[in-house]
Structures are given as structure tokens and as C-alpha cells.
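The same subunit A turns up in both complexes below, where it pairs with subunit B and then with subunit C.
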Partner chain A sequence: MSGAGLPESASLTASTFASFEEFTFTYDTASEPTLTGLTLGLRADQLTLISGPSGGGKSTLARVVAGFIPRPLGGSFEGTARVLGHDVESAPPHVLTESVGVVFDNPFDQLTAATSTAFDEVAYALENEGLPPDEIVARALEALESVGLAEMTGRHPRRLSGGQSQRLAIACALAQRKPILVLDDPTSQLDPTGREEVVSLVRTLRDAGTTVVLVAQDLGHWLEMADRLVILDEGRVTADGHPATLLTDPRLFDGTILVPRCVAVWADLRRRGIALGDTPPLTTDQLVSSVRNLGREREPTP
Partner chain B sequence: MIHLSEVRYTYPKGGAEAIRGISLDVSMGETLFVLGHNGAGKSTMLRLFNGLLKPGSGTVTVDGTDTREVRPAQLSRTVGLVFQNPDAQLFRDRVSEEVSFGAENGSGDDDATERHERAMALLDLGSVADHNPYDLTLSWRKRVAIASVVAMGTPVLVLDEPTGGQDADGTRVLTDLISDTRRRGHGCVVVTHDVDLAFDCADRVVVLRDGKIHLEGSPMSVLGDPLLSRAGVEPSTMHQISAGIGLDPPARRVDDLEEYLAAAGG
Partner chain C sequence: MASRARRVVPQTDQHGHTGVVETDTATWSPARVAELYEIGNTWLHRAHPLTKLAAVLPLSVAGFAGDTVLVPAIILAAAVLTLVVSRLGIIALKSLRLMAPMTFALVVIHGIVRPYDSEPLVAWGPISVNAGGLALAGTTAARIAVFVIAVTAAMATVHPKIFATALIQRGVSHKLAYAYLAGAELIPEMRLRATQILEAQQSRGFDTKGSLPRRLRTLFALLKPLLVSSLIGVEMRTLALESRGFSLPGRRTAAVAVRERGRLLQRSLLLASIPLLVLAVIW
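Right after this comes the complex of A and B.
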């Protein structure tokens, strides 16, 4: 089912910003490739959710898109990977890092440690770009406001919560007007409050048409907003399509992905002959309303 | 096995009191899950369990011994604590050696070799036995750190966020480990944000809020309690479904949902 299942309208209207052709990549320290003959196109103006087993190549794919692989992290590769029109083999590293904002899983890895306020953290990168001071101030404040940190501009970055730190990292990318956002398991180390803050911000960005590549192990909070779900296993794409279409495939339930509880309950009831619609619920609320509707339908009318 | 009586604790650097009067027992053979918002006191409480922190007031006893009277190294043979961040405890060059270190420093009924083999098998580390832990991903390093403590064979195993960042395979391995610990009659304490994991695996659930016990009881009673949201914890998926369709008592398993729908169809 590789490469199949995208809604036709999406493929017609959205353009591909990253494409991999038979791309095989091996880290310098590894004996086996992490990506193996990967062929995949990522479309702009979409939220692409990438999941799969640990070690399957998710973060490596994110690092290629972000301009960290093959340089500066190193490693050997075959095939081609193009991001925003640049071949990753020949593109100067700064070309991609200037266009792609990255947020990693550990909120405290993001910060420069060179600044003493959230405002300065966002302004830092803009200063390096040599922008005029009034534009730096305007852009930094706008970015902080758009991630909900308008009240925190004077707060020391180290005194922000995990969720606030991740939002600050996203603000830095937004302030630099980076057209692509790569989020590598951005909520895995956050508590439920921090996670909800980041999930809700990503939903807002996605609704505004921001291109997002999101790597996540725990799919539950992202399925509803994802335009596309790509499963990477052993460096290959093993499933690719809209989440509601993909999650009907029993092969994904064999331990390839962490199946969200709402989908697992839907599938379990389906196996017992209780059909709650042909596509799985992408949230617990959706599951609740389909169970409720079926209960009502089944109630004998007086 | 672990007994907390009116325990209070404030970190030396000051700030708010982290633990504000907690009384709690952890029994052998029991799987206790601890939930709560970041900053509610979960990690502090775990450190009180094995004497890494001593209570400011009140008492903590482990197997009858006051934790103030012994060094943490002695308590670590009774209470095996695995930190959330595995890198805080990994220091050997090979996975197998790392787990051996735990086995050699442990104190189970069986010998070190047996404990080493069992821990390697339980955490399914055979395929990475000769790897350097730092060549592995964070989720695998976490499994190595857990195996090293499991190999000690302590009567109580304490896990801080064991399933965070784990894939489907890692999550299965860890839920199997929790079942195995219960089967062996050992105590197990798990701190997590994963409410459905607590629903599936816990004998008893404690929800902390602002350094106090906010709720305590069976997963069926606690994980659907209307007061849960005040602690920043959401109800389990089964409780959410049950509330949505007005099912009371709530569904424990999918069987109960099937029965409800069958009755509606009848």
C-alpha cells in the first residue's frame, strides 16, 4: 500500500516540498542503513504525521528534511533527496536550516542558553539575520503572541514549563518566517497540560495552512488533525494515507504502531460484529458519539 | 513494605513544600499507579521511598526500617528505583554488562546469573546485548536502565514514566514486566501520565495534587471520578465512553460495551 491512499484532491492542489527517491542512508557509527530505498514525497500546506516502531527511521527522515543529514551530522547515502528544490547532497547546510524550523522532544535542548528572556530568545535568530531593530521587535512580539506567550516575554527561558519551552521553540521558527515546521515527538516529555498546549498550537498552525512534518509515537492527539499518516518501519514506508483510511488495515494492529485506544476499541467491537461505521474514530469523542448513535438506533421504538 | 506516615518534604533550596502530609502504604504483590500533574510531587515521593530524600517531618519506613537511619545504598536492595531519564544511571560499555552490574549488586532469592538472564529476557534485550547503551535510542536505553534494576531482584520495583516515548513493542514489554512483578508477589509502583495504562495495569491508583493525595482507590473508582480533572488528569477512555453513553457502572472491558449494545438491540 506504499504511496497509495492520499485523497486525490490533495495530490492535485498541494505541491511537493520534499522528495526522496530510493534514498538509503547509513550513519557513520552504524553498520546497517537507517533509511532503506525510501521513496516518498511530502506535500506543502499539509500536516504529515510520521510514526512507526522505534529505530524505524522517523527521526532520521525528519533530520534530512531539516537539513542536518547528510551534513552536518554525516553519514553515507545513495539515491536522492530534494528539499525545497535543493539536492541535500549539494545544498549548503544553511539553505535548509534557514527554511525549516525544528523542535525536538526535549524542551530544554531547544534553548540557546545565551539569552535571559523569552523575547531575547526569539530575537536572537533575527539579530543574526541582520534585520532592522524595529522589525526584530515587531516580529518577535508577534511570534510570541501567536504561540500564547505574550505574557511571558520577560520570563527567563529556563523558568518556562516544558509546554511553554516547546511553544517558545516554535515561536523562534515562526519569527524567522520559516515555511516548514518539523516537530520530532514534541510532546513525548511533557505532562498532559504541556501536551495540550502544544497540540492546540499545532492545530492552529495547521488550520492556518502551515506545512508541518510531525514525528510521533503516541498518535492519539494528532490523528484528528493529520492530513496524512506515513508509517516507517525498518527504514521503509510500510503504510501511507489518510489516518481514517489507514487505520482500517489490520496489519497495523500487530504491534507496528501504538494504536490509540479509541481506534482499538472500534476495531475490537468490529471484530465482534458490531460495526460503528466503516472508518475508525480519530478521537475518543468521535467514538463516544458513534457508540451513542448505535445504541439509539438499536433501541426498540415503542 | 513501604509505609509513609504524615510525610512532609521541602527541598533544601527552598520554595513551596513539595510533599504536604502524605500517608500511604505500598504492599507486597500490589501494583500501585501514581498519577498527577507535573509538580504535584510524584518524583519527590518516589525519592522518599528509597531514602534518596529523607522526610522533613513524619516518617518513611521500608520493611520496618526508618529511612533516616540507613544509607540509600542499603535501601536500594529493597526498593529498586528507575529514573525517568535512563542516562542518569547508565555507565557500562555494553548492555549485557550494564544489566550484570544490577544483578551483581542485587539481592534476590536466586543467584546473580539467573537474575541477569531473567532481566535480559523480560526486557527483551537479547538483540542488543553487545551494543553500547549510548548507541541505542532513548527508548531502548530506558529498557536497559529498567533491566539493570530488575536484575537486582528487589522486593519493590519503582518505575518513573516507563512507557513515555516507547513504541508498541516497548509498551508491550513493559506491561508484561508489570504483570510479571505482580505474579512474583513483588510490589510495583508506577508513575505515569498514561491514564489508560493505569486503567489496564493498576491494582490501586493514587492521584497527587499540590503535594497531597487528591484521590485514592481502585482504577474503576478513581479514573472516572468527577474530581479527577482538578488534578489535571483526564478520565480513562473506558470512563469517557461510559459517561458519554450513560453507562453506570462504567464499562471495564470491551465485553461490557458489547453487552450494552446487545441489550440496546434486544
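Right after this comes the complex of A and C.
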């Protein structure tokens, strides 16, 4: 399946901010490599969606891009991984975190455990940057507001629900205004409303020029805004390309990824001989309009 | 947004508060913030955190003046009176609670167990209560109590975050300040984790009431996940801190800066300890 998009990713262009060459990584505590022979280039002007089955190495890839591997998370590796021109092996700990914001897969893991309010939790990074107090307050409140936590600023971070913690983690990353954001399944704990809010937030960020690397199991909401979809399975890239092109491949429907309903309907109809265009619809709206078009094409017949 | 900002961010010169304190106690209770901190806005809250800390030294040293309980008892009485008048009697109570076990142990060791030359006050067989021993126990307890009440008053009237900010502003490493803050959150955090694990275990049928051996078994069943979750927490915490610029070089600021003042007073308090020390040694 790797034929889908390797040439595009292997070439290191000016706008590639992260590049992997035959990168194999094994955690110190693991016997098997988590990433195997990864060759991939992530572009700075795109929203890259990374998906695949659980345990496929998505979070690990996100951690490499965020500058957490091979330090402080230890492990051995082969090949090279460069992020923002730095070899991850030799980059000092803060150079990547200075430019890359990150939201962890488990939001509870992302707390500093040294603050007593959500506000202080968001402000912490800005204090470390040495920003003036006024700016810290303004940015922290703005970030909390943008994730719908305006009423929770004084709440203890440990007293937040899963969804609220996830919003807090996103707020922490937003407040730092990094040019690159790595979001590891940022909606896993959210209810449908919360998910919608985060999805539109990410869309706004992307439209404003933020580079986004987004890990998601459920592709549904992200396909339409993704410039590229990378499927990781057992530490290997098994598919890579534009979502609309990639999702025409029937092999992706074998259960490795959660195919969104609109794509599944499109594929199912196609199997039954009803063609709704060459590329699958990426949203329900697109599906509906292509069904309408189909109807219109048939109407004049009698 | 501006009005909301004003609602949740207190004035910067109120050092009793951190950046944001919500007034709605239904969703936020001060007890959850830190074990020791008493929310309030008394003169003691408004004093510079380092002034309060600096006052601990001369007070504690003065407690050692004389050979009897007199001086420490006077300081103690004055301290309790001051706290009560300032509507901070709770701090005196907290200090008492901290002191109680130690005082009891001192009385037992010096007053009863340890043999003295003087005639015993009362004697039941091998057990005798000794006046000299009791006096020593009382003096020692009072001296320690002076220190405990001073530290408690200093630390219970400043939000940990404000204290950490004051330290950083005076050039203390932000990593040390983090350690202090994490320490202030440690007990509530551990308690919360323990409750979560306990609830999970109860739902899986572990016995948390029942007989003592049963409860001990529950305790051991609790310890392992608590330890494991704490250890995993440490690895992830490193990442969390790194993602917030923990190891960024350069100066730190704070959302709510502590107004710089009282330097002279703080130095004077520290210097005052020297003559007091001399007094305590010769008296």
C-alpha cells in the first residue's frame, strides 16, 4: 500500500519542516520498534492528518515532531529525523518546543501539577517565555475563552472533566502562539458539541497560517480541511496522499482506519454500480450535493 | 471579554491572591488550592511574602532567650493574640494541630520517661512525673511552637503562587520555585489520585470497610497503582513542562507580579537575629 505517496514525501523541499529518512525508533522499555523505516516529509504550509489503528505509532511520531524523542523520552533509533533544520538527536531540549506547540493524547498528562487554577496553568508557559504580565493575562484569557473555558478560569485543573482538561490542554498550546501545532487526538474526550468547537478552532488556525499536524482516529471532521492524510500502521506509512485521492483505495476499508460515513456510503454505492464521482465526498454536505446532482442527471430521462 | 477579565483577575497589589481567583465558591473552594493557604485579605496577607518569611528567623531565635518557658511563652501569647485580633485564629489552631503530637511526645520523654535528680511530683510504681523534666518539655515545646506558628502564619497568608513569584523576582531559580509549587500541590494531588484508584477498586469489589486485615489488604492494593501512576506521571510531567518552556533560557515573568517592597525591612529582620542570638546565648 506504500505506493500511494512516497515520492512526494521523500523530497525535501524548502517548505518541509520535518523530514524522516529511514527512521526507526525503539523505546527503551520496548522490545519491538514503534516506528519502522519511516521516510516522510511534513510540509509547513499544510494540515497533515495522521491516522491509523491504535498502537500504530501515531503518538510516537507526534512526539518526535514535538521534540520529545530521543530526549526526554529515551530510545534507540536508526536513520535520521530532522525538525526545523535540527537533527532530533542533537537538538537542545528547548529549540523545538520553542516553535512547536503540542497537545498530548492524554490531557491529564499535560498538567504541570504546580498550579491551582486553569488560568495559572495556561499562563505558566507565557511566564516561562518572560512575557509582560498584561500580555500574559490577555493571552491566557483569550485562549481559555476560545476553547469555551471562560467560566472555568479559577477552577482547579485537576477538578476539570476529561473534555474540559482537553480544552485546557488546547488552550495552553494556543496561548503560546507557536507557528507549528501538533495535536494528538485533541477531541478524543469531547462530546459532539465540544468536538465541533475544536474542529472549527483548528480550521481557523490553519486558515491563519498555522502548520498543523493532527493525529485522529476518527477522520470524520478533519478530512475536509486536511491537505494530506498519512496512515500509520505498525510503525510504517501504509498510505500517504490527499484524502480525496487516498480514500478511493478500497484497501483502506479493511478496518485499519475509521472511515467516515460519507466516504463509506460513497464506496458502498460505487460497489453497487452507482458512481457519485471519482473522488469520495469528504463531508456529508458534499455527499448530499453529489446525490442531488445524480438525481438531476436522471430526471430528464422520461 | 474585558469585563470578564476584570471579574476574575484581582488587583495586582493584593498579594493574598494569585492571578485569578473565582469568587464563586460553589465551583472553587480555597481548601482545594493548597492545604495550608487561608484565603483572605488581612494585613498579614498584604505584607510582602518575604517580609513574613524573614520575620520567622528573629522570632525563632528570640524564643531561645532565657532558660525557662517565660520568653517563648510570651512570644507565643503575643503571636496568638495578634492572630486572633487579626481574625486569623484559624492559623493558631492549625499550628496547635501541628504541634500537638510533638508536645505530647516531649512531655512523655522528658516528664515521665527520663530520670531526673529532682524529687518526682507523682509516682506510680516505676512511672514518675518529674517537675524538672516537665519544665524542660514545656520550654522546648514552646520554643518549637514559636517557630511553627511563625512559619505557619507566614505561609498560610500567601498563595503558593505569589510566594513562588516573589522568590523568582528576587533571583531564585524558577526550577526551585516549581519544586515548591509542585510540593504545595502534592498532597491534594496524591489524595485525589488515591480517591480515584480507591473508587475504581471499590467498584471492582475491594473491601474498604470491613475488618483490619481486609482494610490492610485494600491499602496494599492501593499502593501499587498509586506508585505506578505517580512514576508514569513523572515521565509525562517532564514532557508537559518541556512543552511549556520549562528549560527555556532567560528571565521569568508572572501573570501577577509581586510589588517589590520591604527590602530594608526584610534585611533588618534578618540582621536583628544576630543581637537576639547573642542574647539567647548569654542569657
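Here is the rule we go by: the second predicted complex is superposed on the first by the 221 of 302 C-alpha atoms of A that agree within 3 Å, B and C clash if a C-alpha of one lies under 4 Å from a C-alpha of the other, contacts with A are read in each partner's own complex, and residues count from 1 in each chain.
As a convention for this text, a residue touches a chain if its C-beta (ideal position, glycine included) is under 8 Å from a C-beta of that chain, and two chains touch if they have at least 3 such contacts.
Remember, predicted model here, so these are calculated numbers, not experimental data.
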First, second, both or neither for A:Ser289, with subunit B first and subunit C second: first
Subunit B versus subunit C as contact partner of A:Leu73, first or second or both or neither: second
Which superposed partner A:Gly130 touches (first subunit B, second subunit C, both, neither): second
First (subunit B), second (subunit C), both or neither touched by A:Thr117: second
Comparing the two partners subunit B and subunit C, which touches a greater set of residues in subunit A: C
Touching partner for A:Gly154 - first (subunit B), second (subunit C), both, neither: second
Contact residues of subunit A, present in both the subunit B and the subunit C interface: none
Contacting residues of subunit A [partner subunit C, same complex]: 63, 66-68, 72-73, 93-94, 97-98, 101-102, 104, 106, 109-117, 119-120, 123-133, 136-138, 140-142, 145, 150, 152-156, 158-159, 172-173, 176
Residue ranges of subunit A in contact with subunit B within the complex: 29-30, 52-55, 105, 161-162, 185, 188-189, 191-194, 217, 255-259, 261-262, 265, 268-269, 272, 274, 284-285, 287-289, 291-292, 294-296, 298-300
Contact set on subunit B toward subunit A in their complex: 37-38, 135, 137-140, 164-172, 193, 196, 232-234, 237, 240-241, 244-245, 254, 257-258, 260-261, 264-266
Complex interface listing, subunit C residues touching subunit A: 1, 4-5, 8-9, 12, 18-22, 24, 27-28, 32-34, 159-161, 174, 178, 181-182, 184-186, 188-189, 192, 233, 235-257
